[in-house]
Structure formats: structure tokens, C-alpha cells
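Next come two complexes, and both contain subunit A; in the first it sits with subunit B, in the second with subunit C.
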Partner chain A sequence: MSLEELQLKIKALEEELRQAKHGGAAPRQKITHMSGEVVDTNPYSRLMALKRMGIVEDYEKIRTHTVAVVGVGGVGSVTAEMLTRCGIGKLLLFDYDKVELANMNRLFFQPHQAGLSKVEAAANTLHFINPDVTFESHNYNITTVDNFDHFIDRIKCGSLTGGPVDLVLSCVDNYEARMAVNRACNELGQSWFESGVAENAVSGHIQFLIPGESACFDCAPPLVVASQIDERTLKREGVCAASLPTTMGIVAGLLVQNVLKFLLNFGEVSYYLGYNALLDFFPAMSVKPNPQCEDSWCRRRQAEYAAKKASEPKIEKQEVKEEEVVHEDNEWGICLVDEATPEEASSSACASVPSLVQGITVAYERPAPVDEATSKVVDDADDTSLDDLMAQMKAL
Partner chain B sequence: MSLEELQLKIKALEEELRQAKHGGAAPRQKITHMSGEVVDTNPYSRLMALKRMGIVEDYEKIRTHTVAVVGVGGVGSVTAEMLTRCGIGKLLLFDYDKVELANMNRLFFQPHQAGLSKVEAAANTLHFINPDVTFESHNYNITTVDNFDHFIDRIKCGSLTGGPVDLVLSCVDNYEARMAVNRACNELGQSWFESGVAENAVSGHIQFLIPGESACFDCAPPLVVASQIDERTLKREGVCAASLPTTMGIVAGLLVQNVLKFLLNFGEVSYYLGYNALLDFFPAMSVKPNPQCEDSWCRRRQAEYAAKKASEPKIEKQEVKEEEVVHEDNEWGICLVDEATPEEASSSACASVPSLVQGITVAYERPAPVDEATSKVVDDADDTSLDDLMAQMKAL
Partner chain C sequence: MVDDVTRKTLGSIPLLRTKAGPRDKEAWVTRLKEEYQALIKYVQNNKDADNDWFRLESNKEGTRWFGKCWYIQDLLKYEFDVEFDIPVTYPATAPEITLPELDGKTAKMYRGGRICLTDHFKPLWARNVPKFGIAHAMALGLGPWLAVEIPDMIHRGVVVYNNKNA
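On to the complex of A and B.
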């Protein structure tokens, strides 16, 4: 081959390489206007068909919405992919973890991404799947003081128009991060969804939290789906949790489906929906906020909500009820510490455990009040220590 | 640059290109032995943890299993990905469609795969995700005569050891293909799962079919999840169906979860599980086979099953029942055309409609018997014609 031919060959290889790095082709052009045209080249035709089917009135509205996904692991990555494929306006991604081969038993990440930060790897893949979505990614732990302030700022000002995001989705795997999201959302009056999967991989749940209106994450012990499995086999510090792509994909699907119902105003949004994989059982319920919640912002939001409710004209609820045939479990009927005074509430270690529908249980019971003089648990009926309870909480 | 340098550069580019085509890195080495070792580099650690958690007794057994996935679209591709990530032994993929940009509103396929055959694109991606799985793909329509014979042969002899596959999963989107799977499985006595998603994208179901033991697809009109949506808005020939990554991901997740429960012997396998996305409602039931089923292989399998049951020693069922607390709907109690003689059954157009649990409805009613002299429907109480019914069936 001549020098010239070799140089041409190099040019061709370089071009091929450039394309191969994006999966063999350049990313598609951005689409300015969502169309319902039924052609094979239109990535939105099957979504816009939701309008023709009478499900969604204004599907295009999804492009104006911003959602923050906190935790881009087994649930969060699939959540972000579903929203991206649905054509959400903007996604904020928060995580500080790296992709590992040990994550390959869940959907989304691929082996060649091992070693990359999860937010970076996710944003790259998602941008390639749908370049119409705006991505903002933050490779940090939201629970440290500085990062928490930055996180609050992005939730408050991170939307496409510089205002608050429409929803925060918690897809994290630990208690501290959930409490950080809870604190931020109570302070901002920001609606959010919590999601979780058990350490034994065979149950999970989603929960919708509207500050002041539904129970916050600090109002009651976290609700989890009851399993027939001995709880003592569950994860302890340092033990490898089990996970399945099925359970995580289903929880992500239920989460995003409810996000779509909320953003695009169709169907009924679930307040708490559990999934027991062993029995294919899906308990649903809703929980009122706890007037004695330890989070002062939660109590403030409750007062605001009560004032707002009091100022609204009364609506005859009976007529609406008659149409709700199927979903009786999901009524707004379960009350935490109902009618109790603060004294009554704090005098009983069990007062904050809500009445639960079949199939849902609390992750742990509140520690009994501590006698400050002796620093010992007063009501020590079972021999679970405060340390044990804290360890259980952390293991969630 | 010298000729030699240019040639070296070409070699380097070619190697880089080879790797880039697999996402920037070579596929990982095959893993001979599934280990539970908790290290970041072990793709099976979170699955093997199911043993430590007391969920699955012998997780490694999954490597001996073969599953056929018929239809590699919105549900089938995610189904195949989940099984691949779980480390299934072998997957057989059947589809004759090409990837289009119009599929990008569902999980799995990416824009650069547009134009490729679905089975080829899927097998490439899945092999890269988990090279331990064996893939066999068939790019054809199973409903033509020749292909149907080949399909039967692969179900019968396609396992890792040359025997029948362990399960067939139907993830197709039309009536003819479902009937072909049904016919093949009845003939072979092959257990299979059916799955489906409504044309309005907001409901779906899975169904477990054991020839002779549970209703086959021809025993009764297909059961679908009731929607509050006007049925007349549903797909007609040529109309673009709506779809959502959420609903399809959830149906795939429920399907594969039940496949895992069946193959690895944990939890309870659901016979029929529906999903109503608008209400987050999940009706479950089971349906006995129809003694007057039009499929002669189904009737033969029923006779075999009855004979097998009659020869078994009676087990006190009461004791087992007492442990089944939660899932009352999923009892083996709903009977098709119970105790009816063939004459009675065929004399009533409604006789083959099973008693259904709340939330499930039949996709259509069997056409009323036709008076051969006039070729008109005898009982024409409503004005739905036979043609309309056939069109409805096809639109499923």
C-alpha cells in the first residue's frame, strides 16, 4: 500500500472509531416538536398515542418537567432510563458511587462501564438514548454538610426555568440518605417519592410524600412489606445484600408509572404501594403525618396544610367516592397517633406505629423513652437494645 | 510518518475499533464457576446472596436451565435481559421484526441498533452483558408452516443438553402468534407463560399455562385487566398502539420473577396476575382447563393429567391450606364450563366465560353458535357481528 492509501485508511478507521464509540452511529438529531406521526423513525409516536387512546390529555407537557433522581443504582438507573425514554424535560442525577461488575445482576449498566462514576456513565448512555433530555449530574454524597446545601439549592433552582424541580425521587439504599432527602423536601415543601427494595431482594415499595399532607419519612418508622423470611437473616453491616433485576425493575416501573400519573394527571397516584415477590401481593395504604413528628419543618408544613384546608370551601366527598370501586385499601384513612396529646404520644413507645393493612409492617419500632439519669431504656420488655434498633435502622 | 509507523498506527486503530464496537472494552472472561465471593468484580455475588438470605436453596442451578423467549419487543427484550443478568444457562430468541426508532420509548434497544433484526441486536448486547449465557436466535415468524415445525423442534430439542426447554415465554403482540405458541406447547406438553400489555399501555398481565392442568390459551377467551377506558378507543387495524417503558418493564419483571420462582423453587408461582396501572391494582386468579377446548392436544393433556391425579395417593390438603394466609384470590377454584355436558356447553354462547375475580375481564365473548342454514348468528341480542368479534380478537 502507498503512503497515501495508508493515510486514507487511517482516516476511514478514525471515522469508524468515532462512530463505534457511540455504538456504531452518531446520536440522533434533537427533535424540536413532539409529534404523533405514525412512522418508524418517530421515537415519540407510541407515547403521543396515549392522547389518542384517551389516557393522557397533554403528553407534550412532559417536556416542561424536571425530576431529580437521588441514587443511580439498581432502581435509580432504570428510573432515569424510563423517564429519559418518555421524553422528560430535565433529569438531575445524584450519586457518588462507581459502577462495578458486582452491579451487573441489575438492569442498565454494562460491563465496559465498570470503574466509571454512576452519574457520568448514566448521563452518557441516557444522552445517547434521547438527546432531547437535559441532564445535570452531581457525583457526590448528599449527606455531608456542604453537599447537602448544594443539593437543597439544586432542588430549589434546578428546573428548566431555574425554579424548583417537579419531583424528587429517592432511590438510595441507606437510612442516612433517605433522611437527608426527607429533611430537604420538608424544608422546601417539595413533594417526593421514596422507594426501596429489601436486602433479601424479594420485596420492595414506593411511597409518595407531600410535606404536611402525607406522613414524612420521620413521622413513623419506615413501612416495609412483610416477608415470611426470618428477619434475622437480613443484612447486617458488611454483609452482602441480595438483589434481583426483576424486583428492582418492578419497583422502578411502579415508581415511574406513579411519577407519570402525577406529572401528566391521569389515573390515581398511590401513596404507599408494596410488592411481595414471593406471593405476588401488592399491599396499598396511605398514612397521615404525625403531629409529633421530630422534624420541625414537617410540623410547620402540617400547620400550613391544615390552615389551607380550613380556608377551602367544603366539597361533597360522597359523590366522588361512589366512582372509586376497586381500590378500597388506598383510602386516606389510617391515622398516626390519632387524637393523642403530645404527652400521650411521647409516653408510649408504640404510639407512633400506625395501623397497617395486611402485608405491610414497620421496619423497626421506635426506641422506648430513655431515663436520662441512668441512660437506660425504661421499658425494656423485650431485650432489644437501643444500639440494636439503631443498627436495624441503618441496615434498611 | 514512515510507512512502518503508519502501519503500526493502523494496527492500533483496528484494535481500538474492535474494542469500541464492544462498548470501549473487551467482553469479560467467561466464569466457569458461580461464586458467592463478595468482591466488586464478581457479577454473581448479589445473586448468590439469595442463598445466604434463605430465599433460594441452589442458585447455581439456574445455569442448567434453558428458556425460549418468543417476541423480543418491549416485554421480550427486557425479559431476555433480566434472565441474562441472572445467569440463565441458555436463551432461545424468536422474532422477525427489526429495531426502529419508534421502539425507543421502551427499555433495552438503543438508537444505533435501528435497522438491525431484533434477535441479532438483542443477542449481541446480551452476550456482551453476560458471556456465560448461550444464545440461539431465530429471525423468523413462527406462524408460517415451515417455521412452526422448526419452532416445535427447537422447543423440543433446544436445551443445553439437547432436550426440551424448561419454559417458553410468549412476549408477542398478536393473537396468531399466541395461538401458535399455545398449539406447540399443548402438543409438546410444554409449560409456558403468556404475557401481554393493552394497546392503551395502562394494563397488562402474565399467565402460567401447564398443558392439561391449567386453562390453555384456547380454553377460554383471553383474560385481560379491566380498564375504565372506553374499549372503543382501543387499537383497530392500522392504528398505532400506545406503549410505555413502565408498563412493559413491570410486566417483564413480573414475568421473569415468576420464571425464577418456578425454576429455582421458591415462593408461589402466579397462574394469572394482572396489572391495572391507573389504580395500581393487581388481580390474581387461576383458571381450570375447559373440557370442551377446541384444541385436541389440550383435551388429551387434560385426560393425562386426570389419570395422573387419580393414580396419586390423596394428600390431606387442609393442613397445607392453613399456611396460605394472604393470597386468597389465587386459589385453584375457578372452573370453566363446570360439570357441563358438551351439548350444554355448545348450546350457550356464554358458557365458556369463566367466573372472574374483580378487575379481570374477558377480551371478547365467544361468538354465539351460527345457524348454518342462514349463516346468521342465532342469539343476536347485542348487535356485535361475528366479523366485529374477529376484528376485536385480532386487535388484541
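On to the complex of A and C.
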């Protein structure tokens, strides 16, 4: 074992020792059957009361469900805790980070966990909170080629019954990982929720994505809550991201609320719900998929969905949700980033931008697909082999 | 905002044409060749302009890249290891360029030493998929980052000259 591994091992053992000393109590015994009995010792009595009150028809069903949480940070850890306390059947946790003291402005993790992997630390705490939940944790980066296939496999076969998970929740903090989740879910036809908090900590959103049916994450530039802060006045010197436990907790709450509604079939699930913390404003909308989406799997899922729709007998469903959006004014300052060079601007089009409601904007503009014949392009390299090119590069 | 110098540098790097990521088998090999062509041209341009500032190479599959970059101040050469993986969603998403040895030395960095790019990098990248490649990520991302961050780190004393590389 390397020195680093030994140090990690010591840390892990110290953590075990600490847990053994403090409270020390083993987690409670597993409960085989969720009871609605109202006694102080029943951890599920207040949840089962949802049935008696007529909110949820069959609360126990939650124990059959599996949810994958990708990213166990400020939003993901709280999300996982909420689902654990709700008695979810199984949770899959994905993250490659370690707990750091810099995370302590957010909820869930504690200072003594610094240095541990987030998934391990979370699984430990969560198991203690509710031993009825099955946990499966994966400490890796899903965006790399090596890990992505394994990630796909776990989404496909990770449920309690060895089938696909019921939902994937993206609680990551970067575009690359969101795109990786999007790609995986489009390939698998897996419904998922996206969540995010702005780097300035004063807005956030959740989005429900059903491949083929609602817009995928690649159908349009990312939808964000208009911050009403001029980006050019936003001071970024010396920092990458700000965060608040409040905004993250609120977004996690909105996320899990909609997960519960979806899994237990009550209320209405939001397709896109934004949160503007400065104004306490919650814009909501739904977004149709883009027929020209860059992701070929998304286009395939759209075709499948259209075929399915066409073959279904016409039942008058409540399709009124999709109200046409009218921009009467521009109170929330929806505007497009002006940094395109003239030629870029002329080739830009709003083709891929869905109609937006007040308070929601796109992170940036994308060009309309064009056949470029203007700039120099690499020569066809058919005559030079890759090995030759690699050697050439090395020789420079 | 991209300044004129960067725009000129960018303009002289050949654009790529194949939209393929590391999971696309044959098309990826084609893309990888284009990546190397663009990189070779860019490094050559830099040398010609007496502004040589990095070397990169990849594993056989082209999924993992590593090399050196350097910054010269007061005639002293400060050299750093650079590395990154090609994400499965490449080229729709740019690679996350990492300078592991500077992790923790500047706030303009995410965990593990991934450099923190400006708000302008990602929109610009997104607008140029699949034409931009690794060479463009270096020119637009790492180059400007080094030019701002290294002098600051030298000034603060967290980066000191080490003549082992001289």
C-alpha cells in the first residue's frame, strides 16, 4: 500500500472509531413492513399518515423504488437524505469527490468526515438514519470513457429487482457531467431530473426529462433563471463559485418533492421549475424536444414517442398544459449574450431556443446549423496514419 | 470576451470537421487525427512566433492527454504538468484541463486542479462544436488562464522558480 492509501485507511479507521465511541448505538433494527401505527417508535408513522389524509394512495410503494443520485454535494447529499428519510427502497450514489472543510457551508456533511469520499461518508450516515434503505455507492467520475459504460450498466440494472432504476437525479455542478447523464439517459430511454444552483448562489432550477417526450438537456442551451444581475458587473475575481445552504436546500426540496410526486403518483410533476432567490420568484414551464437535437439518441426517442402517440387511440387527455407563451413585456430582462463576432452573430439563430416564460432564459445562444466553408479546415489526413501524427507531435 | 490577439491565434488553428467522441470507434480515430493535425499546426505556429508554450501527447486511444505547459516571467521558465481526460460527451463538451500541482494554490480552480474558465469559454465552445478541438481549448482556455494566474501566483509566492527544468 502506498503512503497515501495508508493515510486514507487510517482516516477511515479513525472515523469508524469515532462512530463507535459517540452514540455508538448500532442503527435501529430493520423494519420489514411499513406500518401506519401512530406510536413514537414508528419512523414511518408521519409518512403513512399521508395515506390517511388522502394525499398519497399507496405510500408503502416507495420501498419498491430505486433512485440514482449523481453528484453527492450540496444538493445531492440533501436529496439523498430526504429520500432516505422517506423510506426509498434503494439509492445509488455516484460522486468522485472527497468531503472538504470548504463544503461545511452546506448541509449534511460534518467536519469529521473531511477527507472521506463523499459517497462512502454519505452511505454511512444515511444507513444510520434508515437501515431499511439499500445503498450502492460508486466513487468515480462518470464522464470518462472507462467509467461511463459501468455507469450506464448500473442505471440499466441497478434497481432492487435488477432492472432499470425508476429515476436518475442529476445533482452535479458542471455542464460536462450533466451532458454525460443526458447521454446515458437518452441511450437508455431513462427518465431523469436535472437540478442546478447558479454559481452566484441566488438562483436554481429543477427540470424533468423524459427522453423523446420532453426536451433533453442537449435540445437547447441550458435553461437558467434570469438573475437580473448584469454578468459584467458580477465580480468573479479570485473565486469560481459561491454557495448557500439555503438555495441548495430549497432546490433539493423542490427536486425531491417532484420525485415523490412522480414515484407515488400524486399532484403534478413540474417539467421546469426555476427559483429566483432575490425576488422569491418561481417561474415554471414545460419544454418540447427539439427535432434537430444534436443528440441522435434524443431524435430516435422522439421518433419512438411520436410513433407511440400515433398508435394510441385518441383519448382526450389533459394536454392543455402547453400554453403558448406570449412575451408581453420583458420585465425580467431576458436577453442574449452579446459577445458573438459579427459573422457568428449573423449565423446565429433562435432555432434551437424554445419559447420561454418570464424569468427563464438560456445560458447562451447556439448557432443555427450551417455548412461552414469559410475557415480553414484540417486536411484530410487519410495519407498520414495516427501513429505518424503522434510521432510527429512528439518530435516537435 | 475574446481579445484580438486570441482571435488571431484562433484563426490560425485549423478547424476540425468530424463530430465524434471517444465512444464512436472509427469516427473517433478520424477525429483524433484531426486533433493531432490541428495541435501540430498550433505548436508549429507558436514556435514560429517564438511563443512556444506547451507540449501534449495522448494515450493510444486518445482518451487521456498529458504533457507540459510553461510560462516565462523575468526570463525564468515556470513549468507545469498538464493533463485531462476526453469526456464521453466530447466534442459537445470541452475537456477539463487540469494542472494538478497547482491544486489549492489559487481560487480560480476547481477541485483536483481543473482550471476555472471564464463565462465566455463555454458559450464560445458550444457555438463552435465540432469545429473546435483540443488546440482551441488550449489557446482559448489554458493560455489566457496561465497569463492571468501564474503572475499572480508568483507574486503571492505560492509558485516559486525551480531550476530543475531549466
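Going forward, the second predicted complex is superposed on the first by the 304 of 396 C-alpha atoms of A that agree within 3 Å, B and C clash if a C-alpha of one lies under 4 Å from a C-alpha of the other, contacts with A are read in each partner's own complex, and residues count from 1 in each chain.
Simple rule for what comes next: a residue touches a chain if its C-beta (ideal position, glycine included) is under 8 Å from a C-beta of that chain, and two chains touch if they have at least 3 such contacts.
Just so it is clear, the structure is predicted and the values come from calculations on it, not from any experiment.
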Notebook entry, point to check: Which partner does A:Val38 contact after superposing on A: first (subunit B), second (subunit C), both, neither?
Noted result: first
Next item on the list: Check whether A:Ala310 is in contact with subunit B, with subunit C, with both or with neither, and answer first, second, both or neither.
Entry: neither
Next item on the list: Classify the contacts of A:Phe282 with the two partner chains as first (subunit B alone), second (subunit C alone), both, or neither.
Entry: first
Margin query: I'd like to know which partner A:Leu13 touches here: subunit B for first, subunit C for second, both or neither.
Written below: first
Next item on the list: Look at A:Cys240 in the shared chain and tell me whether it touches subunit B only, subunit C only, both, or neither; answer first, second, both or neither.
Entry: both
Note to self: Going by the contact rule stated at the top, is it subunit B or subunit C that touches a larger number of residues on subunit A?
What the structure shows: B
Next item on the list: Mind working out whether A:Pro221 is in touch with subunit B, subunit C, both or neither, as first, second, both or neither?
Entry: second
Next item on the list: Determine, under the contact definition given at the top, whether A:Arg183 touches first (subunit B), second (subunit C), both, or neither.
Entry: second
Next item on the list: Please indicate which partner A:Gly253 is in contact with in the superposed arrangement: first for subunit B, second for subunit C, both, or neither.
Entry: first
Margin query: Just checking: does A:Gln110 make contact with subunit B only, subunit C only, both, or neither of them? Give me first, second, both or neither.
Written below: first
Next item on the list: Overlap the subunit B and subunit C contact sets on subunit A and report the shared residues.
Entry: 100, 239-240
Next item on the list: Could you pull out which subunit C residues touch subunit A in their complex?
Entry: 1-2, 7, 11, 14-17, 22-23, 29-30, 32-34, 36-41, 43-44, 47, 55-58, 61-63, 85-89, 92-94, 96, 107-111, 116, 118-120, 122-124, 126-127, 129, 131
Margin query: Under the stated contact criterion, what part of subunit A meets subunit C in this complex?
Written below: 97, 100, 141, 143-145, 148, 174-176, 179-180, 182-183, 218, 221, 231, 236, 238-240, 294, 337, 339-341, 344, 348, 363-367, 372, 375-379, 381, 384, 386, 389-390, 392-394, 396
Checklist line | List of subunit B residues in touch with subunit A within their complex | finding: 3, 6-7, 9-10, 13-14, 16-17, 20-25, 27-28, 36, 38-47, 49-50, 52-55, 78, 81-82, 85-87, 100-102, 104-107, 110-114, 128-130, 199-202, 229-230, 233-234, 239-247, 249-250, 252-254, 256-258, 260-261, 266-268, 270, 273, 276-282, 284, 326-327, 330, 358-359
